[in-house]
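Questions regarding the structure given below will be posed in turn.
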Amino acid sequence: METFIDFFSFTDPNVRYVVLGSILITASSAIVGTFTFLKKKALVGDAVAHAVLPGVCLSFIVYGEKNPLVLIIGAFITGWLALTLIDIISSKSKIKEDTAIGLILSVFFGVGIFLLTIIQKSGNAAQSGLDQFLFGKAASLVGSDLVTFSLVSVILLIAVYVFFKEFTLIAFDKDFASTIGLPIKTMELILTTLTVLAVVVGIQAVGVVLMAAMLITPAAAARFWTEKIQVMIWLAAIFGAFSGLSGAYISYVAPSMPTGPWIVIVISTIAFFSFFFAPKRGIIIRYLTQKRIQRHIVDENILKALYHLGEEEKNFFDERTIETILSKRTLQKEVLLKSLRRLKREGYLKNSNGYWSFTIEGKNRGQRVVKLHRLWEVYLTQYLRIAPDHVHDDADTIEHVLTPELEARLEKLLNYPTTDPHESEIPYA
Amino acid sequence: MAMVGDAISHAVLPGIVLAFLITGSRDSVTMLIGAGTIGVLTTFLIEFFHKKGKLQTDASIGVTFTWLFAIGVILISVFAGKVDLDQDCVLYGEIAYVPIDLWITKAGVVMGPRVLYIAGTVLLIILAFIFIGYKELFLTTFDPSFATAIGISTITWHYLLMGAVSITTVASFESVGAILVVAFLIAPPATAYLLTENLVKMMIISSILGILISISGYYLAAGTDGSIAGAMAAMSGVFFGLAFLFAPKEGYIFKILKKQSAPTRLE
Amino acid sequence: MIIQADDPIVEIHDLTVSYDKKPVLWGVDLTLPKGQLIGIIGPNGAGKSTLIKAIMGLIPNSSGYIKLFDDELSNVRDRISYVPQRETVDWDFPASVMDIVLMGRYGKLGIFKRPRKVDREVALDSLRKVDLEGYKDRQISQLSGGQQQRVFLARALAQQADLYFMDEPFAGVDAATEKTIIKLLREMTERGNTVVVVHHDLQSVTQYFDWVLMLNMRLVASGPTAETFNTEMLQETYGGKLTLLSEVGNLLKQGAFPSREKNEQVKS
């Protein structure tokens, strides 16, 4: 608890730098990453992250010392060159884009490593710390880094704000954007530049390999919670910022822990949580919806079976045994009992001494299912020319699906038929 | 599929660390099994998020491999004292130590560099795999729906291939590191692809390129005192660049020349 | 108008096929005769390719069953050949014409075995039939669209099947190639093979096909061309969409309903 207070009071300037720096980096990468994600070019960020290394080394070799601005310029040049080369290779030869990405990424990185080892062995004392570009150094950010980070973040935010409309359109429908006279090339160039900028800065915090996660993962997580791009950008930024903060905190509590990887673990956890538990798009909710629908279908089928029994015996409110119901509909007994109890709870059925009977609501619902079933059979035979002896199975599904609105349209379209193709009466309410 | 290879090469890291921790040594067989498992798991996760989670493939790849790699790095930090691996080695390997790391049998006989045996074994496994499954690999890669139609399982062969990628990655891991493996997985075939249109020739050319890259990369590194693995990756880029520009038919220069000469022929 | 074939080679019973839970083909019920050239026609998105993919087991059926040679697909795979749409494969793939045609032998070879001399002879013979004998060592990336289509055809011939399903074999080929292909298909049916072709061009239907299937999300007509291919049926096939049907399809997709109830059997 004490460390918690120590950390969040931000009295220690180092803590302040690390936290602010991490948050700025993660949030701005997440915002830019949202657009690369939506353009389905998520891995381009990965390529840039690897490609900046030779630039950093070259500018060090040329300039002779570790001036952050010079290093960033160098990084920027090779990062940008890499993207251009990927474009050229995939458009001017039969090599596909993902191969071009992998190729450029690894070759640039190889050149970077090669240069780095040469610098390290050259004996220039100023070189120590260059490898922060490899692994990141979020835990040892200082005031001057923060100035650079803030500057870059502000540029990124302003650019995204100004070009929001254009970026969205290009990500969604490039051809259309071009037909309405948007300068596609310029816009793509700006977006590329922003990506490179985000990477060049972000890489100093989390390192080469994990930079891709900073760009991709927050956007991927945010996508599961919303259908609106504005909300998605905000969410991505918040997820990113939160992971930056948590990463900083973890390595503050346990100094041996590397900040970058922990940032990635936190953001990945958020992403996996989103994949599974997000409302609407999540894996779990989709699974549960399916289960719910299956229950709904079983329930309606039992009501339908009881309605059929009622039709046959011309008495809808008679009490039936479980065996009688099973004679109408093959079901596992446990499934039937569960469903019967559920229907009783919901007020569709009554139970006395093991005998089950309709309530008014139950009869009406059963009747609606039967009506829809028979209407759909009429529709299939009339409009789809399906033989009367083949329409039953299909109607068995659709009877559970039709909404009241479609029900009304179906009735009108078929002009309120009185019987189905098997001469059974269609019961209207 | 090139980026799936990239993803696997990063994602096997936790597998390697765990194999170290469990066996307490660089027992190669365990490591190959561990990495093969993680490689297949990575492939599975990518597919799972894509199919069940409806996440686009590129994002699915990016999320999966960064996550596994981060776990690997953290494991290394946590067990820093127990695992004979550090971050530098993971990223760019140290092929220069290969001759020092000898395999000495229990009887004390020096058998030569250990890595040589591992790499040799893996080479044999891969050759056998390609030889036996050539037909199926060819068909499932070229035309998956036809393959399915005649009853060959595309999924099985996809996983087998990814398993093969994983063990290759692990075998090269110590020597050249996670990222540069990718250069060797992608660059030689991509270069050969520009030079020939025949699959068998393409495989032969990429193997020769691999050898050329190794030799030239080594001398480049020796001459400049730089990283051997880095120099090799740089050389693989040079070879690709040459092919891209000067390949007889697919080369950029050739295409430009053809474009320029085409109108004159019309006149 | 759905006419049933005597002694059918293909029997489809109550087939519903869905993509991502949304049915694209509803309740298809038909039989196809042996030894005929059969055309599948219908507007874009009518489910033509879907139907043959479902027959080949490339897409799972939501309901119904398919019988080929009065048997399950898995038992008769080696008697059936499938030609996918030309654009579905990467024609930059490093392979020669011979490599592709030999693929037709893979099903008969079984796993792990290499093509034998007899397989090469069959492949060569197939290439001769499509007039590409001289191209056997050519790389596939150098072929024209019509030649690519003929290579696919040769691969199908090399399968030596009895029943052929071809997805748009005339798409993007020139008139001369189309003539060659149709002549070849004719010869095949004259030898007693059955060929089912997804086709786009209404002009040539009567001239090409003995039997025609007309689809638009459901089966509109199936029968001998002379009896089936008429204005009334065409109007019904091409005359607009069944909006109610597609809306129900969308509901199925959104709600992730099962397209058919599986576990329960209905008694009544």
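Chains here go by letter, A, B and C, matching the order in which they are written, and residues are numbered from 1 within each.
Keep in mind that, in the parts below, a residue touches a chain if its C-beta (ideal position, glycine included) is under 8 Å from a C-beta of that chain, and two chains touch if they have at least 3 such contacts.
Worth saying up front: this structure is predicted, and the values here are computed from it rather than measured.
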Based on CA centres, what chain would you say lies at the far end from subunit B? C
Chain-chain pair with the highest tally of contacting C-beta pairs: A-B
Subunit B to subunit C: how many Å between their CA centres? 39
How many angstrom lie between the centres of subunit A and subunit C, each centre taken as the mean Cα position? 36
Per the centroid of Cα atoms for each chain, what is the distance between subunit A and subunit B, given in Å? 29
If you look at subunit C, which of its residues touch at least two other chains? 141
Note: subunit B residues in touch with at least two other chains are 193
Mark out which residues of subunit A touch at least two other chains, giving numbers and ranges. 94
State the interface residues of subunit B toward subunit A in the complex, per the touch definition above. 1-3, 5-6, 10, 49, 52-56, 58-63, 65-67, 69-71, 73-74, 77-78, 80, 87-88, 91-92, 178-183, 185-187, 190, 193-194, 220-221, 224-227, 229-234, 236-237, 240, 244, 250, 252, 255
Residues of subunit C touching subunit A in their complex? 1-2, 13-14, 16, 26-27, 29, 63, 92, 141, 218-220, 242, 244-245, 247-248, 251-252, 255-261, 264-268
Help me check something: in the complex, which residues belonging to subunit A touch subunit B? 37, 40-43, 45-46, 50, 89, 92-96, 98-99, 101-103, 105-118, 121, 131, 134-135, 208-210, 212-213, 215-217, 219-220, 223-224, 256-258, 260-262, 264-265, 268, 271-272, 275, 281, 283
How about subunit A: which of its residues touch subunit C in the complex? 94, 286, 289-290, 293-294, 297-298, 301, 308, 327-331, 379-380, 383-387, 390-394, 396-398, 400-403, 406, 409-410, 413
Residue ranges of subunit B touching subunit C (in the complex, touch as defined): 132-133, 135-136, 138-139, 141-143, 145-146, 148-152, 193, 196-199, 201-202
